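Which chain is which? They are A, B, C, D and E, in the order written, and residues in each are numbered from 1.
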Amino acid sequence: MRETAIRRSTLADLGLSAGKQTRLRRLLYQHGPANGTLLLLPYDHGIEHGPIDFLSNPESADPAYVFDLAVAGRFSGVVTHLAVAARYYPEVAGRVPLVVKLNGRTNIPDAEPFSPLTGSVEGAAAVGADAVGYTLYVGSPAQERDIAQLADVRRECERLGLPLIVWSYPRGKPVEEAGGRDSLYAVDYAARLALELGADVIKLNLPQAHKAGAARHPREYEALEGDALEMTRRVVASAGRALVLFSGGSYKDDAAFLGSVEMGMRAGAAGLIAGRNMWQRPRADALGVIDQVHAILARFASDEA
Amino acid sequence: MRETAIRRSTLADLGLSAGKQTRLRRLLYQHGPANGTLLLLPYDHGIEHGPIDFLSNPESADPAYVFDLAVAGRFSGVVTHLAVAARYYPEVAGRVPLVVKLNGRTNIPDAEPFSPLTGSVEGAAAVGADAVGYTLYVGSPAQERDIAQLADVRRECERLGLPLIVWSYPRGKPVEEAGGRDSLYAVDYAARLALELGADVIKLNLPQAHKAGAARHPREYEALEGDALEMTRRVVASAGRALVLFSGGSYKDDAAFLGSVEMGMRAGAAGLIAGRNMWQRPRADALGVIDQVHAILARFASDEA
Amino acid sequence: MRETAIRRSTLADLGLSAGKQTRLRRLLYQHGPANGTLLLLPYDHGIEHGPIDFLSNPESADPAYVFDLAVAGRFSGVVTHLAVAARYYPEVAGRVPLVVKLNGRTNIPDAEPFSPLTGSVEGAAAVGADAVGYTLYVGSPAQERDIAQLADVRRECERLGLPLIVWSYPRGKPVEEAGGRDSLYAVDYAARLALELGADVIKLNLPQAHKAGAARHPREYEALEGDALEMTRRVVASAGRALVLFSGGSYKDDAAFLGSVEMGMRAGAAGLIAGRNMWQRPRADALGVIDQVHAILARFASDEA
Amino acid sequence: MRETAIRRSTLADLGLSAGKQTRLRRLLYQHGPANGTLLLLPYDHGIEHGPIDFLSNPESADPAYVFDLAVAGRFSGVVTHLAVAARYYPEVAGRVPLVVKLNGRTNIPDAEPFSPLTGSVEGAAAVGADAVGYTLYVGSPAQERDIAQLADVRRECERLGLPLIVWSYPRGKPVEEAGGRDSLYAVDYAARLALELGADVIKLNLPQAHKAGAARHPREYEALEGDALEMTRRVVASAGRALVLFSGGSYKDDAAFLGSVEMGMRAGAAGLIAGRNMWQRPRADALGVIDQVHAILARFASDEA
Amino acid sequence: MRETAIRRSTLADLGLSAGKQTRLRRLLYQHGPANGTLLLLPYDHGIEHGPIDFLSNPESADPAYVFDLAVAGRFSGVVTHLAVAARYYPEVAGRVPLVVKLNGRTNIPDAEPFSPLTGSVEGAAAVGADAVGYTLYVGSPAQERDIAQLADVRRECERLGLPLIVWSYPRGKPVEEAGGRDSLYAVDYAARLALELGADVIKLNLPQAHKAGAARHPREYEALEGDALEMTRRVVASAGRALVLFSGGSYKDDAAFLGSVEMGMRAGAAGLIAGRNMWQRPRADALGVIDQVHAILARFASDEA
C-alpha cells in the first residue's frame, strides 16, 4: 500500500547547486531505501556521551560494527566524526554514503551548550563524505558563537557542494524556562531557525507539550498543543524547503519506535535518523526492526528521481 | 495632491560609489513606488522571534508567500537572511529587489544585545542582493563587538558596491536606564551613530517621550519631547545624508498605521519598512492597506531620477 | 610680537618616513596657520556623546557645517570618523586636510574603557586623509586589547605613510583611584605611553592637581603639582619627540579658553584641537575666537619649513 | 617465552597516509624495541611541574642527559617541547626518534584545564620530529577551546604526515564529581574521545575504581569496576584503531612498575611512556629497569613489520 | 685576575641559526665588553611604570640621553620598545646594538599579569634590531594567552633570525601563595620555563628565600634555600643552554649592586641587564659604576670568539 502523504519538500524544492544536488541525490535515490526517503545511522555518541552508550551491546563500541550494520541495514548514510570516518569508512566506501559530523562536545562539564568544530567541510570532502552534519543549540546563551560558526560552515558547504544537515536542538536554561527542549514552541523555533541558517536537511525531535510550570512559555502555543500528529506536521511545515528527519531517541520498545517513525513520515518528514535504537541491540534484532522501518518508508516513497 | 515635504536626503546627497548607486537607484526608481521613496518588506522574524509571528496568518510562515506578496504589493525590496534568499528568491528575481539581512539572533536567551553574522556581504552579492541589512544595538554593553563587526561589513559593502541599511536599535539595560529604547534621546543617538558608522539607509523606530522614572535620562532632551512630528523630524535630521526608514512595528489598526507612515514621510523619511503589518493579515487585506501606503508615498515622490 | 618658546619638537625631530613627512608637512605648513603650528577641528562627538552635543548650536549637527567652518576658520585639519568623511569631505577636499578618527564608542554603557575600530588606516588613505586619530585609554582594565589594537594601527600607518595622532586619555576606575584622569601623574603617564606606542602627535588634556583623597596617588608627584605652566611643560616634555596638542575641552568662556591655549603653546605644544569651543557657538562668534587663536599661534611659529 | 596477547591494533589497522606510516613505522620497527611495541621517554615536566621534578636526580635537569638516556635505553622516541628539541636533539638525531609535544602549561595557577600551543606541527616537522604530542583535557570546562585547537593540530598532522599522539587526561572539577580522573568511567571516555578526535596513538593512565562519594558517577560503570586487567582491557578496546600507551606515572617501586607495564601489555597496549620512573633515578639503575621493560615488551612483539 | 668561572653556556652551545648567531655574536663579541659577556641597558620603564621612574634624574626622561649613555658606557645593547627605537635609535646606530622589547603594559590597573605586543619581530628587524625581548609572566592566571603569544614570537624569531631574550618573571596571586615572585622555587621554574619556550637569553631576578607563611610553597625547595651563590647557581643551571642575565633591580648602593653583579657572574650568568641603576643617577656617576661593572665582566671573559 502506498500512502498519500501530505506534500513534503523534494530535492527539486531545495534549489541546490550541482554539487549539493549530486550528493543529496546519492543519499535519496542511490542508497538506502533509494526512494526519496532517508534512513541515517548516527554514531557520534562516543563524543557526546562516551562509551557508556555502547555498554548494552558491546559490539557497538567498534565503529567497524556500526559501519557494517549501515551496509547490512541498507542505510542512506552513516554519520561519524571526521577522524573515525578517516579510519573506518574506507572499508565500506561505495556501499553506504558517509555523513561527517562537524562539531561535538562531551557531556561532562555543565557548560553553556555549544559544540566546537572537530573537523572541517574540506576535511569531510577529502574523506569522501556526501554530506556534513552540524549541531546547533537553539536558544543557548552561547548562540552568538554558534550562529557565527554555522554561518562559516554553511559558506564552506556552498563552496564545496556538500549538503548541510543541521541537528537543531533547543538547549539551555532559557529554553527550559520557556517550556523545555521538546516543547512544540521550542522544536518549532528550532525547525525554522535551521531553515533560516541554511540547513538542507534538519534533524528534529518529535515535539511534545511544554513542561508544566514553565514560567516563560508563550501562551500562543498552548492552543496548538495536543494531537501528536498535528504538532509534528507543524514543525515539518516550519522547516519549509528543507527536508526533515526525526530522531529515534534512546532505545525503546519497537512498537513505540515504529509508531513514531510512521507518524513522522505521515507528518511530512523525509526520513529518520536512528542510532541507539539500532546499535544498542543485537545485530539480528536490529536488522529485523530495520526491515520494518524500510517497509514504512516504502509507503512514503517519492515519485521524484 | 503632491505635498511639499521638508527637504530630505536624495540619492545624490549620499555620494555613493558606482555600484552602490546603481543598486540603490534600482530600489528607489526602478521597483516599488519607483518615485524615490522606499517600501521594504522585512521577513527576518523567523530568526528574531521564531514562527510565533506567523501564527496569526499561517500562510506567512511560507517564505514564498511573502516573496509573492512583495511582488504583488509592489515593494521596493524584500528582506531575508541569506539562506532563505538562496532558496526562495530565484522565483521572484527580477520582479522585486532583494535585501539580505546579515546578522540576527533568537530572542530566547536574555543575553547582551548583539547579533552575530548569519551570512556575508559576498554571499549577499552572490545571490543577487541589491542591498544588505545590519542590526546595530546602540548602547549595548556588547557594542565593542558590534561596532567592530559593522566596520567590517561596511568595508565589504564598499568593496562590492552594496548599499548598507542599518537597523539602528537602542537596546540593553543602560539604554533603559537612560530613558528607554524608544525615547527621543535614544533614537536620536541611534540615527546619528548609524550615520557615523556608514549606513546608507537607516531604519529607526518612531521616537517617543522617555520612560518616566529613568534615572539617567539627559535633561537636555526633556524640552525637546512633545510634538510627535517634531520629534520625528529631529531624528531624521540626525541621520544626515542617509535615507531614513521608519518601522511599521507590530500589527496595529490601519488608521494608526497609515497615520504613522504619513507622519514619517512628512518628517523627511524616504519610506518605511513594514513586515508584520503586511503579512500578519490576509493577503487581500494586506494589498488593500499597501495601496493606501502607495498613495501616501506618491505624495512624497522625489524629483530626482 | 614673536615669543621665544621653549624648544619644542619639530617635524625634523620625528624622523618620519617620506609618506608621513609629506602629509604632516601638509598639516603644519601648507594649511591652517601654515607656520608649524596645528589647529585641528575634531568632530567625532556624534559617536562619543551623540547629537546631544549639537543641541546648543543646532547647525553643528550637520557635518557640512563643520567642514565648512574648518575651511573658513583656516584649520590645519578636520577630524571625523571614516563614514562621515566619505560622505561629506569631498566638498571641501583640497581646502582643509582630513584626519580620520579610527576608533570610538558611545557613552551609554558603563563598560571598561575601550574603543573598537570604526574604520581602518587603509580606509583612511582611500578617502584622502592626511593623518589618522586613535583613542588610547591609558590605564584602562581593557588596556590589553587597546595596546594590541594600537600596535596594529601603528604598523599600518608605517606601511601607508599616514601620521598617527593619539588621543591619550587616562580612564577607568584604577586611574581615578590613582588621582584622576586629569592629574599630573595620569596625564604625564599618558604622554609617555603614547610616545612609547608610536604616536607622531599626541592629544592631551591640561594636567591638574590630583583629586583629593585618591588612595593610590603616587607621592612623588605631589611635589610637582602647583604651577599650571610648569605642569604643562612637564607633560609636553614627557611626550618627547612627538608633537603635543592640547584639548579645548567643553565650551567655556573665551578668556579662559584663550588663556589655556596660550599656556599650552608656551609650554611647548604644537597646537590645539578644539571642537566644542568652536561649533557649539554661532558661526560668526566662532570665527571671531578662531582669529584670536590664530593670533596666538602666530607668535609660536616655527622657523622650520 | 612469547605470550599470546589479545589482538591489539597494528600499524596496518590505522589506515595512515604515506607520511604518517613512514614515521610511525620508524618508531615501531626501526628504533627502540623495534618489534612493534613502543617505549617512549617523556620529558615535558620542565613546563608542567618545573625543575622540582629533577631534584631527586639532579642530572635529569639537563636535557642532554635525558636524550642520552633515550639512546642508551633504546627508547622508541623521546618527547620534548619544540624549543628543547631544537637545542638538544641534533646531538642524538638518527639514534632515537623525536616526538615534539605541542602544548603545555605550568601547574601554578589553579585555572581551567587547558594547554596552549608552545609550538606547531610545522615547527615539529622542521626539527625532524617523527610524531607530535598533544594534551587533551577530557571533560574540562575549557573543552571548547581544547577540541577546536586539537582539530587544527590534527589537520596539520594530516597535511604534513606526522603521527598524532594524544595525552588523553580527564581533568577538572566536573570530572572529579563524576568519579575522578583515574576512574574507569573517565579513562574509558578519554580513550574514546581521543580516537574520535583523530589520535593515532593514545596515552592513558591505568583505570581504577571511582572515588568513593562521587555524586555524579554513572551507575552503569560500577559493575565494570574490579579486576584491574579487565578494566585495562576495556579502555584499550575503547581506543579502537589507535595504539595505546600507558603512563608510568610517578616514581614507584620496580616490582609494581614492571607489574603495571606487563598488565598494560597483556591488556592490548602497544607500549608505555615512562619518564619519571626513568630519569628520577641514577642512570645505571634506570638502565637496569629499562632492560626489564624491554624483556616484557619482547614478549608482546608484533608479527607485522 | 681572571677568575675560573663554573662552565656557563656559550654561543656554540645554543645551536643557533645563521641569522641568530650572527646577531648574538654581535652583542657578545663586537660591542660592549666584547668578551662573551653581556651588559644591557633596558629602557622600557616609560611603559611599565611611566615617567615616575625618571624623576630622580630628569635627564633620563629623554631617550636620547639613554641611548647616548649606552654608547658612552660601552653597553652590549640598549633595550626599548619599537616606536622609541624607530625615533631615537638611528642617531646611535652602529655604535650600540638595539634590542626591541616586544610587549608591555602599564602598572595602573590591577589586572592578570599579561603584556600585549606593542610591536612585532618583523618591525624589530625593520628598525635594525639585533635581538628582541619578551616579558613572560610565569604562573600567571593569564598564562594561556602568554604562552601562545610567546610561541608566535619565537616562530617569527626563527624565521627572521633574531635572538630571543625572555624576561622571565614569576607573577600573580598564585605565585605569591607559592612563595613569592623572588623565591628560589619561582625563579627556578621561570628559568626552566623560558628555556622550554625557546629563549636564547633569559633575564632573571636573583632568587631569595620564600616568603614566610606562603601556604603553597613546595617543601622540597626549603632545603635548597640559604646560600645566595648556591641559589643563584641553581637557577643558572635550570636555564640550561640559554644565556642568563640577572637584573639590576631598582637603584641601590653601589657596593651591594656590584656585589650582586659579581655573584651572578660567578654563578654562571652571561651578564647583566641594569637600567635604573644606570640612568637614575647623574651621568658621570653612572659611567663610574659602569667602569666597575666592566672590570668585573672582564674577569669572566669567555675564550670563545
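The criterion applied here is as follows: a contact is a pair of C-beta atoms (placed from the backbone, for glycine too) under 8 Å apart; a residue touches a chain by one contact, two chains touch by 3 or more.
Everything quoted here is computed from the prediction, not taken from an experiment.
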Tell me, which chains sit next to both chain B and chain C?
none
What is the shortest path, in steps, from chain C to chain D when you may only step between chains that touch?
2
Give the chains in contact with both chain A and chain B, ordered by label.
none
Working from the CA atoms, figure out how many degrees chain A turns to land on chain E, in steps of 5.
145
When the C-alpha atoms of chain B and chain E are each averaged to a single point, how far apart are the two points in Å?
58
Taking each chain's centre as the mean position of its Cα atoms, how many Å separate chain C from chain E?
36
Indicate the residues of chain D shared as contacts by at least two other chains.
none
Classify the chain contact graph as line, ring, star, complete or other.
ring
From chain B via chain C, the ring reads B, C, E, D, A
Residue positions on chain A within touch of chain B in the complex are 14-15, 138-141, 143-145, 147-148, 151, 154-155, 158, 170, 172, 174-175, 178, 185, 188-189, 191-193, 195-199, 218, 220-221, 224, 237-238, 240-241
Along chain B, where are the residues that touch chain A in the complex?
44, 46-47, 50-52, 55, 61-63, 81-84, 86-88, 90, 104-106, 108-111, 114, 116-120, 123
